[in-house]
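Paired with chain B in one complex and with chain C in the other, chain A is shared by the two complexes that follow.
Take a look at the complex of A and B:
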């Protein structure tokens, strides 16, 4: 591994681009990654001065979603103004952000939800080759301490105190990356590295489908077992770019929707509601699953919702900035669904077709 | 006495509740275990209310919105329908019995029809038995003398 790997080259290009952007003053800050303090980790880094550019890295362990930090960094570079005054008129400083396929789709959602102004974001697109799950690597070496991991293009060399082993990279890539169909960013201002082609993916929802085929009781057994170890640290919520309510429903005290203890019902409801709030918005970036200290596969719930949103409303989250949000904006004419009801009603009454306003869109929220 | 399920009905006062009083007043078969929560618009029913009812031990939850034709805010309701179908599917996915939470978006109904709907729903829930999933049960407290 003397030759520079693809990721080393990308790291170089990112640093060069960051220096250029900051030097010319095109952006006031850049969101990227720095090496983490533990093996196989990275941490988000906001670069605001030229010296920090050297700290930027790009490797196969970039599992956090940088879009999470974008709105905050954007407001940190704004001209300060009193909340009672109108927003300043003059153009505001820009922020550059690294984005792969799913993160760029999260940025698209932030644009759709008016969290982020498209004009103020410079998206540095990097095609993703799939990120490695730290948990999967650790599972290969039970009871051993991993000290460093060197990265080749297709293999990882794992070093411990008394062993060195080479493993196949793709085998330890995260599940969501293995089933991802859009590894290339959908929004690109500056491209780094080669574009990655769309992946043909015959079974994107295979895991969900397998669960769906099981009986109701088996699924309940899966649900209770999977979430029984949750410690309610809320890392999965905090890391997700979709969760930005100033007061989350789990923290609400009046009314208190959920108990705050580790009661299995409260924990289960937290996960159901958290996933439900991501319906039609989740890009399956896998950040939630990657940060969970207990290795809980809560992504299965959002994945199920993604599948339903695709099947029922024909929408994949965050593919186009101009596209409407599936759950809040929709043409009235497209509403035509069967209402299954217990009371037997004449067939004609079961199909609801609002006759008003043709194909005008209606909005709410 | 035989077991009677506890039913919570969320209904829109604009369209569905026109006949609620009649429904409750007339000799509806299972009136005393049915709690009717009137909301000014079906789109105000949140997932929290539904899940809270489930958590508090409701055996069946019926969300009764009116039809889209004579709704005064059709758009909201369509959006809501889209959301609640997803919630219903998700609950089924995690193993809650299908039919515990039921959505009905039928035409504005005279009280009679609502009553029929509630009665049918009660029968269905009876067949399912008491709710146990996602119902919070507190451990009995031991009092030390």
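Take a look at the complex of A and C:
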């Protein structure tokens, strides 16, 4: 364990690259992680000066999706201008961001949805070896206070006041990482560490399929039990790079779609609608599930929709910046069809297969 | 007030005694359902003889919801066309039965006293204080997220409790601390605590780790000019990392902000008071559209300055008991202890 681990080496490289990027002025800010105050935690950190580069870390507990911060950090380094005036024309400062497979796919979606200007982003790609679920580790040590966790390449050494135990790292890697097929970034400007090969994953939707096989009563029982503990803190929504409506539907007052307290119907509706808003856009980064203070597995809903979008449109979100978004793009040829005939969904969906004729496509903002 | 020595078997008998007259609640260890329970989320009612265990450290959920339910129904009304009561606001029936909350930690007991300060004129909150008896256990284990001593509390304190149980080798020292506590032990044959047992308790309360000099250091924040804390550069970094979810405020035993609203479903209405969070942009949104705390940084800063400056300015003590729940559950690891250290360092630089 005294040897530098893979992640130690990646940390060194990230710091070196951050210093270079900031020193040369290539970027005005870099979005990364700093060490957390508790074992198995990290803090998102926006580095704007050379001294802060030394605070950057990379480890197996980086469970947030840094793309969430990208639009805000980009606007923070823009030349200030009056919102009534046109945007300044001069080139704006760039922002560097660390990205694994799923985070890079979210950056692709941000580019597709015109939230982020590709020219202003420097993607520092890091292949993900799978991030560890703090909840899974804690569950192995019930009623124990974990004081430190040392990370090796394939094992974690967990220390408490009266115990030290070595556990297999992969066994506590998050479910979404274990079933991930694209751990390597799809968009890379600067590569850190070795590329991680695509995983030949035979069962990417195994958990969803297990749920699908149950009867509707059983699925309803699962749904009501799973979401019954929600406290409506909206950590899942706020941590998600896909959720950026200026006013979320749960916060709308006119009309008010949802009650404000803990009614089971309201809570269930929030989760279902949130998931649908992510359909065709979710990269299964797992941030929602990782941050939930109540340990709710809301990722099953988005994962189910990822499966549907793959089956209906043959698309995995965020794989290509040039590809159209499956649910906000349709070829003009399909308009007549949609109006004329409300055919069963799969048939309609086949027509909406991405069109090769770019000029035939309409886009909804 | 009297202190007794009670064995685990006698304690079980006492709990069964209470269950004949009162609802008794204990911490739920599995995932606490927030919906469709008859009590505060994170707690469960136990029947006579039902086993229960006390988790190490603070209970998963604080006792806040016993006093400040999410939501609280203030009024009910009917809007159906031909309803004889149409448009008349009625108060829902209130229970006056005593309820016993068993397994409360000293930090949570202190939080109830703190929350009574802003709610002192609130009849709903105070009525629940009247009918809720807190039976607590002093702590023998300090978790890595615990910092009650830094906030002026102690793992051995019993302020706010009606009965306090302190574990000894072969039983518990039972302190009766209020009239409600006396009611709970009335008629029980208990053995008074011996001098040596009392000495053990006194030692614990004065011994190492029972208090922290840091709490006196924190007092400088109360004297420090608000602008000095308000303009601290650290808010930039904290505000940038914060995702403005409401996790910290909802799990916090001393966050007590609420909003009110009428909900009407098919002509039947209820006026509810429900939890709000200063982390949410809508919290401070004005009707005009202006938001005085429109930025993340401003909202993050508000949460901490409310606990450490505005609340003490108005009521005296800090609005934090050091239970550490927010530290453990913050999605981006914002650690209030680090915020405190940074603020204290800033005042020391003056």
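Basically, the second predicted complex is superposed on the first by the 336 of 365 C-alpha atoms of A that agree within 3 Å, B and C clash if a C-alpha of one lies under 4 Å from a C-alpha of the other, contacts with A are read in each partner's own complex, and residues count from 1 in each chain.
Throughout what follows, contacts are C-beta pairs under 8 Å (C-beta built on N, C-alpha and C of every residue); 3 or more make two chains touch, one makes a residue touch a chain.
Nothing here was measured: the structure is a model prediction, and the numbers come from that model.
**Student:** According to the stated criteria, A:211 is in contact with first (chain B), second (chain C), both, or neither; which is it?
**Tutor:** Touch status of A:211: first partner only.
**Student:** Which partner chains sit in contact with A:219 here, chain B, chain C, both or neither? Use first/second/both/neither.
**Tutor:** A:219 contacts chain B only, not chain C.
**Student:** Please determine whether it is chain B or chain C that touches the greater number of chain A residues.
**Tutor:** The partner that reaches more residues of chain A in the superposed model: B.
**Student:** May I ask you to decide whether A:293 touches chain B, chain C, both, or neither, giving the answer as first, second, both or neither?
**Tutor:** second
**Student:** Just checking: does A:259 make contact with chain B only, chain C only, both, or neither of them? Give me first, second, both or neither.
**Tutor:** In the superposed model, A:259 contacts both chain B and chain C.
**Student:** What is the contact status of A:195 with respect to chain B (first) and chain C (second): first, second, both, or neither?
**Tutor:** neither
**Student:** Between chain B and chain C, whom does A:304 touch in the aligned arrangement: first, second, both, or neither?
**Tutor:** A:304: touches chain B, not chain C.
**Student:** Which chain A residues are contacted by chain C in one complex and by chain B in the other?
**Tutor:** Touching chain B and chain C on chain A: residues 259, 263.
**Student:** Which part of chain A faces chain B closely enough to touch in the complex?
**Tutor:** These residues of chain A touch chain B: 211-212, 216-223, 249, 255, 257-259, 263, 265-266, 268-269, 272-273, 275-276, 279-280, 301, 304-305, 308-309, 312-313, 326-328, 330, 332, 335, 337, 339, 341-343, 345, 349, 352-356, 362-365.
**Student:** Inside the complex, what are the residues of chain B that reach chain A?
**Tutor:** 43, 47-48, 51-52, 55, 67-69, 74-76, 78-79, 81-83, 85-87, 89-98, 102-107, 113, 116-117, 120-121, 124, 133-137
**Student:** Please give the residue numbers of chain C that touch chain A in the complex, ascending.
**Tutor:** Residues 31-36, 41, 55-57, 70-71, 141, 143-145, 237, 240-241, 243-247, 249-251, 259, 261, 263, 272, 274-275, 277, 280-282, 327-329, 331-335, 337-338 of chain C touch chain A in their complex.
**Student:** Mind pulling up the chain A residues that touch chain C in the complex?
**Tutor:** Chain A reaches chain C through residues 36-38, 41-46, 64, 68-69, 72-73, 143, 145-147, 225, 228-235, 237-239, 251, 259-264, 267, 290-291, 293-295.
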